[in-house]
Structures are given as structure tokens and as C-alpha cells.
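The following pair of complexes shares a single chain, subunit A, combined with subunit B in the former and subunit C in the latter.
What follows is the complex of A and B.
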């Protein structure tokens, strides 16, 4: 493995690990807040029980997410010192603001967990709102920093240095709206499917009470809320990429030649030159999607020399997987709610529950694929058309060793997460839980 | 946030998203009214 590839693999592994916890960190507090609200409003112990169990899981996930987040911030400096030295004055502000957002989230989470006895019921519930907001802002601002790498703005270049820096212009770059909107919607969607999946598994094991049904419905309600925004933002992201990063779009769509009436190719096997075999071509559709007009000119891979193209096979396959899995998840959500509306018994059919149980991991695999498209699709640039990834990486010969060590760390963290979650859930039996026992173990 | 989204996506997308979210909230409210099961 080359020096550069080892560095990219390490950063990629770290981000792919962290995004699972970050996404759950955005979505879970919303579900907890809803369940807790219903529990208080209706004086309902079942909803309180759901809120309590989700809170326990959330607490474990936050701890692991903090560890993996710290690792990433260290890696940014250690692996990409040139990038941090040059771009630090531009993206330093969003990262600092992200810290504040996280502090707000952490402080109010601590209040929610430990100050219940000192606050009234509704004030205690209200401490969840800054947790939700902090997680949301945190996600928005970090993804905005990533969007800047895709559509860099807010500076001028002078002798290889960045001058006249405007961090606010950098944050509000052209890629920010679609990218942040898409990722936040994906976080809610994946959390919804994951929570619904856990309760679906429980129902498959024979526990089909009010508790499980409501838990399943709660997760799928968040899915329902996120499903249209993710479609809208996905469409926006595609059009934004066509303008800001046309080569990335060409790689995702397997478009070799710059052309009008560009077709959309579904499936097939692609090579590094962008040639697709066995794919299904739909004439004009790519031009139509990009510019709302079949006559729209869409740039192909041939618009840049081969050395300026990303690894087309990886990008295209990741994108195809993301799109196919996204559509499948959308269909599942539609079928589930249609069944629940018209044929409630069908919504609890074994096959439906199996599909919902599988949807959580599939949703996260979809997010991972999306980030592969975003990051690998930008190569060979770390800052698009400004700095090459090769120029940003550390000269340390230990990158390969670090990759192995950090990979081992993530395996260990995964095991710790599973053990900790199982342990927390065992301490909180499904049937015998006393309501409002957020901090008391018995 | 919606303002920035609207800058690139247009008000139709914003209206679609907001309209959808309102629909989901209303549907969820009715679902909760039936016991949430």
C-alpha cells in the first residue's frame, strides 16, 4: 500500500467509523425528546420507558462518538499537516464553532441525565432541546467545513498562500446547503431505521406488546419525516456537484464524453476510463436531472486529463449502491406506512419486520457509501482545484503502521460499544423498569 | 438553514420539504391520538 493510500485509508476508516456515532447522535435525542414529551403529556409509562432505554443507548454512543471524534481531530493534524497549516485559518472557525455546539450538547445532556430530581418534569424535558439543537448545529458546521473542501471559497491565493480570508464566506460555500441538508436528513433517516429495526427484532423474538409497537412506530415516523427531505436534498446535491465538481458527477454517472442529451446509466460494470458494460441507458435523463432540460451540457470524464480523475470504479460503485439502497429504503418506508394505514396486520408480518430489522444496517451502509462518493470523488484533490491530497500528507514513514494501529483501535471500540450497549440494556429490563429511572439503576 | 437551501434549490423544494414535514406531524398527531400503536 502506498504512503498516500495508507493515509487516506486511515482517515477514511476513522470517518466511516465516526459517522455512525455522529449520525445516531443527531437523530436519537429527537426520538428521546418525542417519547419523553408523549410520556409526560399523557402520563404514559410506556413512552417514558422508551425514552429511558433510548437515553441509555444514546449515552453509550455519545461516549464512543467523542473518542472517535477526538481521534479524527488529532489525525487531521498528524496526517495532513500541510492542509491544516494552509487551510486552518479558513476552516478553523467552523471547527471552533463545532466545539461550542458540542459543549452545549454535552452540558445539557449531563443536566438531562443527572439533574432530573432538581428540575420540574417539563424543565427536565426542556433540557433535551439544546441537546437536539447542539447535535444539529454540530453536524451542520462540520459538514459545511467538508463542503468547503469541495467548493472552496472565501480567500484569495497569493504565492501559494491563502490571503484575504473570510471564514464566513468559506462556511457559506456553494456546496454547503445541499451537502449539509442531505447529511442531516440521512442522519435522521438512519437513526429512525435503526431504532425501528431494534424494536422489529424484538417483535420477531415474540415480544409484541405496546412498548415494541410504539418503539417501531416512533422510529418509522422519523423515517417518514426524513424521506422526502433526503430526496429533495439528494437532487440538489446532484445539481450542485454538476456545477462545482463536474468530474465527480461524471464519475458517479459513468459519463465519458462531455455532451448534451446526456443519458443516465443504471447499473452495469464500469472501468477506470468510465466505459460501462451491461448498464441500462435512459436517453437524456442525466441532462434533464442536472439542468431540467434535455439540452443541458453535462461535462464528462474527458473534460480533464486522466491524472485529474478520481478512482472512477470506486466512486461509481459506491454511488450506485447508495442510490439503489436509498430507493429500496424509500420503498420500504412507503410500503410500511401504507400497510400500517390500510392493512395493520401486514405491517407486523414477519417479512416486514425482517425488512425493517435489516434497514438500520443498510441505512448506515448507504451513508458510508455516500461519504465514499464525496471523499473519493474529490480525488486527487484535498481542496478541490486548490491543493492536491499528495501535497497535504505528512512525510512520516509511520503512516502504514498508524493505519494498522488505528484500525485495531476501531475494532476494539466496536467491541466495547456492543458490550456496553448490551450491559446497559440488561441493567434496564424491558418489563420491570420503574418509569423515570434515568439515573437510578434499580 | 431553509434560506440557504432555497438559494440553490428554489422555493419549490423548500415548500415541498416544509409541506411534507407538516403533513407528517399532522399524521403523527392523529396516530398518537389513536394510542400510537
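What follows is the complex of A and C.
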């Protein structure tokens, strides 16, 4: 493995690990707030039990999420010192603001977890609102910083240096609206499917009470709320990429030649030159999607020399997986709610529950694939058309060691998280609510 | 303006050192008290203090790093490139520690006790790794974007290790003592004595570390006789006062003096090293972002920092107060 590849693999592994916890950190507080609200409003122990269970899981996930977040922030410095030194003045503001937003989330979460019997019931519930808001803002800002790497703005270049820096312009870059909206919707969607999946699994094991039904419905309600926004933002993201990063679009769609009436190719096997075999071509559709007109000119891979193209096979396959899985998840959500509306018994059919149980991991795999498209699709640039990834990486020979060490640590942390989550779920009685069960046992 | 930005950053770093250092110290005490079964109550008392504050304190490192990225990106790039080995170890120990924490706080009963030893060891390793990393920029061993291997056997590194451990143990013990004061008299007494002992060890290690820095950084040696040097001495006096108040049994005063003393010492120590951000490679002005960016940084900090500090103070005041259930359980006087 080359030095550069080891560095990219290390950063990629950390991001792919962290994104799971970060996404759950955005979505879970919303579900906890809804369940807790319904529990208080209706004086309903079942809803309170759902809130308690989700909170227990959230406490474990937050610990791992915070640590993996710290690892990423230090890794950014350690692996990409040139990028940090040159671009820090531009992207420092969004990262700084993200710290404050996450701090608000963290401190109010601590209040929610540990100050329950020091606050009144509704005030205690209200501490969740800043948690939801902090998570949302935090996600928005940090994805905006990433979007800047895809569509850099807010500076001028003079003798290789960045001058006339405007961090606010950098935040509000061209890629920001589509990328942030798409990621936040994806976080809600994946959380909804995951929570629904946990309760579906429980129902498959024969526990089909009100508790499980409501838990399943709660998760799928969040899915229903997020499914349309993710489709709309996905379409916007595609058109933004066509404008800001046409080579990335060409790689995702396997389009070799710049052309009007560009076809959309479904499936198939692609090689590094972008040639697809066995794919199904739909004439004009790519031009139509990109420009709302079949006559729209779409740039192909041949618009840049080969050394300026991303690894086409990885990008295309990750995109195909993301798109296919996204469509499958959308169909599942539609079928579930249709069944629940017209044939409630069908919504609890074994096959439906199996599909919902599988949807959580699939949704996260979809997010991971999406980030592979975003990051690998930008290569060979760390800042698109401004700084090459090769120029930004550290010269230290320890990068390979770091990759092996942290990969092993992430595997261990994943196992620990699973063990701890299972333990927490077992400790919580299924039918009775323990007093002060929202607080830690210590 | 450059110095104002520098001060804001070091306030964040001081908060990380004091709060996370305290957390590492709590881990150390959890490990120590878990070695004998007779001390299980003491370990429980340490964990009870630790749990509520766990997840916020690491954020101050992120505040510091993002601030450094914003205001002094060149310094961050230089430190990231040169301290990679130390930072890898620090991160690995931090990840391991988080894993042990999750197991002992949320894992199955059968692994909880064993995880306490691992949590203690990884907490000590964290304190040492961060101590060594923090001391390196002042050692004079960073040159041409790399850290000289001589650093690891230098007086600065060898004195930074006991200082990091003793200071963490001191901060942790004072915190647990305050938390257990109205909950468990036996544990409170034990941690009061632990705080006094660790405080004395920290003062000795701190004096040795300061001497090692003065010998290594010859270009800034004279600065110890300046206002910053006086502030450094004030920090040491505050920590000494904290030890005395621990012996006398004044928990809150000892807590204030301990946290204030270490924070003052750290910030003053950084100012003693000025104009160098990384001695002797990089000066503060050479590392700073352009003026308009620094203005943005300060605006952000002046809105955000008071909010953060007040919220943390309010949270700690709230967490030290017994809850309604604990008050109900307390026997009548």
C-alpha cells in the first residue's frame, strides 16, 4: 500500500466509523424527544419506556461518537499538515462553530441524562430541544466545511498563497445546500430505519406488544418524514455536482465522452477507463436529469487527462450501490406505510419485519457508500482544483502503522459497543419501568 | 490581536487540561482502588463522580484544535507533522480508555470489575501521552517539521511524565472528594488525603519540569523574571494553597485553588515562552492567520467562550449538589 493510499485509507476508515455514531447522534435525540413528549403528555408508561431505552443506547453511542470525533480532528492535523496549514484560515470558522454547536448538544445531553431528579418533568424534557438543535447545526456546519473542499470559494490565490480570505463565503459555498441537506436527511433516515429495525427484530422474536409496535412505528415515522427530502436533495446534489465537479459526475455515471443527449446507464461492470459492459442504457436521461433538457451538454471523463480522474471503478460502484439501496429503502418505506394504512396486519408480516430489520444496516451502508462517492470522487484533489491530495499528506513513515493500529482499535470499539448495547437492553425490564431509569446506574 | 487570540486558545487548552486531566485522574483512582476488594466503595465513589462529566471535557481539546486551525494554522500544521508519533499514542490510549469506560459503565456485570483496571491503566497512559505531547513544543526539540528522538530521553520529557500523572491524580482526587462530601464520609476522607498527597507530588514534579524547561529553552529563560513568570509562580502558590486547604479539610476552597492554580500555571507557562509558539522554530506572529481572519476568530470566541465557561461552571455546580433522591436517602441529622 502506498504512503498516500495508507493516509487516505486511515482518514477514510475513521470517517466511515465516526459517521455511524454522528448520524445516530443527529437522529436519536429527535426520536427520544418525541417518545418522551408523548409519554409526558399522555402520562403513558409505554412511551416513557421507549424514551428510556433509546436514551440508554444513546449514552453508549455518544461516548464512542465523541472519542471518534476527537480522533478525526487530531488525524486531520497529523495526516494532512500542509492542508491544515494552508486552508486553516478558511475552514477554521466552520470547524470552530461546529465545536460550539456540539458543545451545546453535549452539555444539554448531560443535563437530560443526569439532572432528571433535579429538574421538573417538562423542564427535563425541554433539555432535549437544544440537543436536537445542536446536533442539527453541528452536522450542517461540518458538512458545509466538507462541501467547501468540493466547491472551494471565499479566497483568492496569489503566488500559491490564499489571500482575501472570507470564511463566511467559504461556508456558503455552491455545494453546501445540496450536500448538507442530503446528509442531514440521510442521518434521520438511517436512524429511523435502525430504531424501527431493532423493534422489528424484537417482534420477529415473538414480542408483539404495544411497546414494540409503537417503537417500530416511531422509527418508520422518522423515515416517512425524511424520505421525500432525501430524494429531492439527492437530485439537487446530482445537478450541483454536474456544475461544480463534472468529472465526479462522469465517474458516478460511467460517462466516458462529453456529449448532449447523454444516456443514463443502470448497472453493469465498469473499468478504470469508464467503459461499462452489460449496463442498461436509457437514452437522454442523464442530460434530462442534469439540465431538465435532453439537449444538455454533460461532461465526460474525457474532459480531463487520465491523471486528473478519480478511481472510476470505486466511485461508480459506490454510487450504484447508494442509488440502488436508496431506491430499495424508499420502496420499503412506501410499502410499509401503505400496508399500515390499508392492511395493518401486512405491516407486521414476517417478511415485512425481516425487511425492516435489515433496513437499518442497509441505510448505514448507503451513507458509507455516499461518503465514498463524495471523497473518492474528488480525487486526486483534497481541495478541488486547488490542492492535490498528494501535496497535502504528511511525510511521516508512521502512516501505515497508524492505519493498522486504528483499524484494529475500531474493530475492538465496534465489538465493545455491541456488547454494551446488548447489556443495556437486557438490564432494562421489558414490562416495568424502573424508577430513575433514565439516569446512569452509578 | 494576535496575543488575544493566543490567550483565548490557551484558556481552552487550560480547560481541557484541568477537566480532562481530572478525568484521567479519576481513572487513575478507579484503577488504584480496584486493586483491592476492600476499596471497592472508593472505586464506586470515583465512578459516581466521573460519569456525569465524562462526555463534555474532551470537547475542550476540539475547541483548542479548531481554534488553532482558525487562528494559527501554520502552527497546527507544524505540530501535526512533527508530533505524529506522540499523537498516535495519545489517540490510541484515548480510544482504549473510551472502550474500557463503555465496558465498565454499560457492559455486562462480569466484565465491569476487570474493566476498571484497564480503565485505570489507559487513563494513566492518556495522561502521560498528552503530557509528553504538550511539553514537546517548549522543549526546543522540534526542528524542520520533526521531533528529535532525543526528546524522549530529555529532562523535559522525563519530568513531564510525573507531572502529568501527579497533576491528574490531584485534580481527580479533589473532584471526587468534593462530590463524595455529602454522600460518603469514608470515601471523602480517603480522597481528601489522596488530594493532599498528589498535590505535594505535583508541586515537586512541577518545579522539576519548570527547571528542565528553563534549561532547555535558553532563549526564553529570562522571561521567568517577567509578569508571566510571576503569574506562573502565582499558579504554584495556588496549588500549594490547595494542598494546605486539603489538609485543613476545606473541600470547595481546595477545588477552586486546584483548578485555578493549574489553569493559571499552564496559561502563564505558555506566555513565558512567547514570542515562540513552537520553540525555537515558529513565532506567534509567523503562525497567525491574516488580521481579518483573527478578527472573525475573536468575534466567535467572545460570543462563544463566556457561554461555554458559564455553562460548564453551572453544570459542575449542579452535578455537585445532591439530587432529590439522594437528599431523600440521607439520614436525618
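Simple rule for what comes next: the second predicted complex is superposed on the first by the 437 of 442 C-alpha atoms of A that agree within 3 Å, B and C clash if a C-alpha of one lies under 4 Å from a C-alpha of the other, contacts with A are read in each partner's own complex, and residues count from 1 in each chain.
Criterion: a residue touches a chain if its C-beta (ideal position, glycine included) is under 8 Å from a C-beta of that chain, and two chains touch if they have at least 3 such contacts.
The shown structure was predicted, so the numbers you read here are calculated from the model rather than taken from an experiment.
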Legend entry - Dominant contact partner of subunit A by residue count, subunit C or subunit B: C
Inset, instruction - Check whether A:4 is in contact with subunit B, with subunit C, with both or with neither, and answer first, second, both or neither. - result: neither
Inset, instruction - Pick one for A:285: touches subunit B only (first), subunit C only (second), both, or neither. - result: neither
Inset, instruction - Mind working out whether A:365 is in touch with subunit B, subunit C, both or neither, as first, second, both or neither? - result: neither
Inset, instruction - Give one of first, second, both or neither to describe whether A:236 is in contact with subunit B, with subunit C, with both, or with none. - result: first
Inset, instruction - Could you tell me if A:176 is touching subunit B, subunit C, both of them or neither one (first, second, both, neither)? - result: first
Inset, instruction - Could you look at A:75 and tell me whether it touches subunit B, subunit C, both or neither (first, second, both, neither)? - result: second
Legend entry - Partner chain(s) touched by A:40 [first = subunit B, second = subunit C, both, neither]: neither
Inset, instruction - Using the touch rule from the top, collect the residues of subunit A that touch subunit C in their complex. - result: 56, 59-60, 62-64, 66-71, 73-89, 91-93, 95-100, 102-103, 106-107, 109-111, 113-115, 117-118, 163, 165-168, 394-396, 398, 401-402, 405-406, 409, 412-413, 416-417, 419-421, 423-424, 436, 440, 442
Inset, instruction - Give every residue of subunit B touching subunit A within the complex, in rising order. - result: 1, 4-5, 7-9, 13, 16-17, 20-21, 24-25, 27-28, 31-32, 35-37
Inset, instruction - Note which residues of subunit A are touching subunit B in the complex, please. - result: 38, 47, 140, 172, 174, 176-178, 180-181, 210, 213-214, 217-218, 221, 224-225, 228-229, 232-233, 235-236, 239-240
Legend entry - Touching residues (chain side subunit C, partner subunit A) in the complex: 44, 47-48, 50-56, 58-59, 61-63, 65-74, 76-81, 83-85, 87-88, 90-92, 94-96, 98-99, 101-103, 105-108, 111, 145, 289-290, 292-293, 296-297, 300-301, 304, 307-308, 311-312, 315, 318-319, 321, 323-325
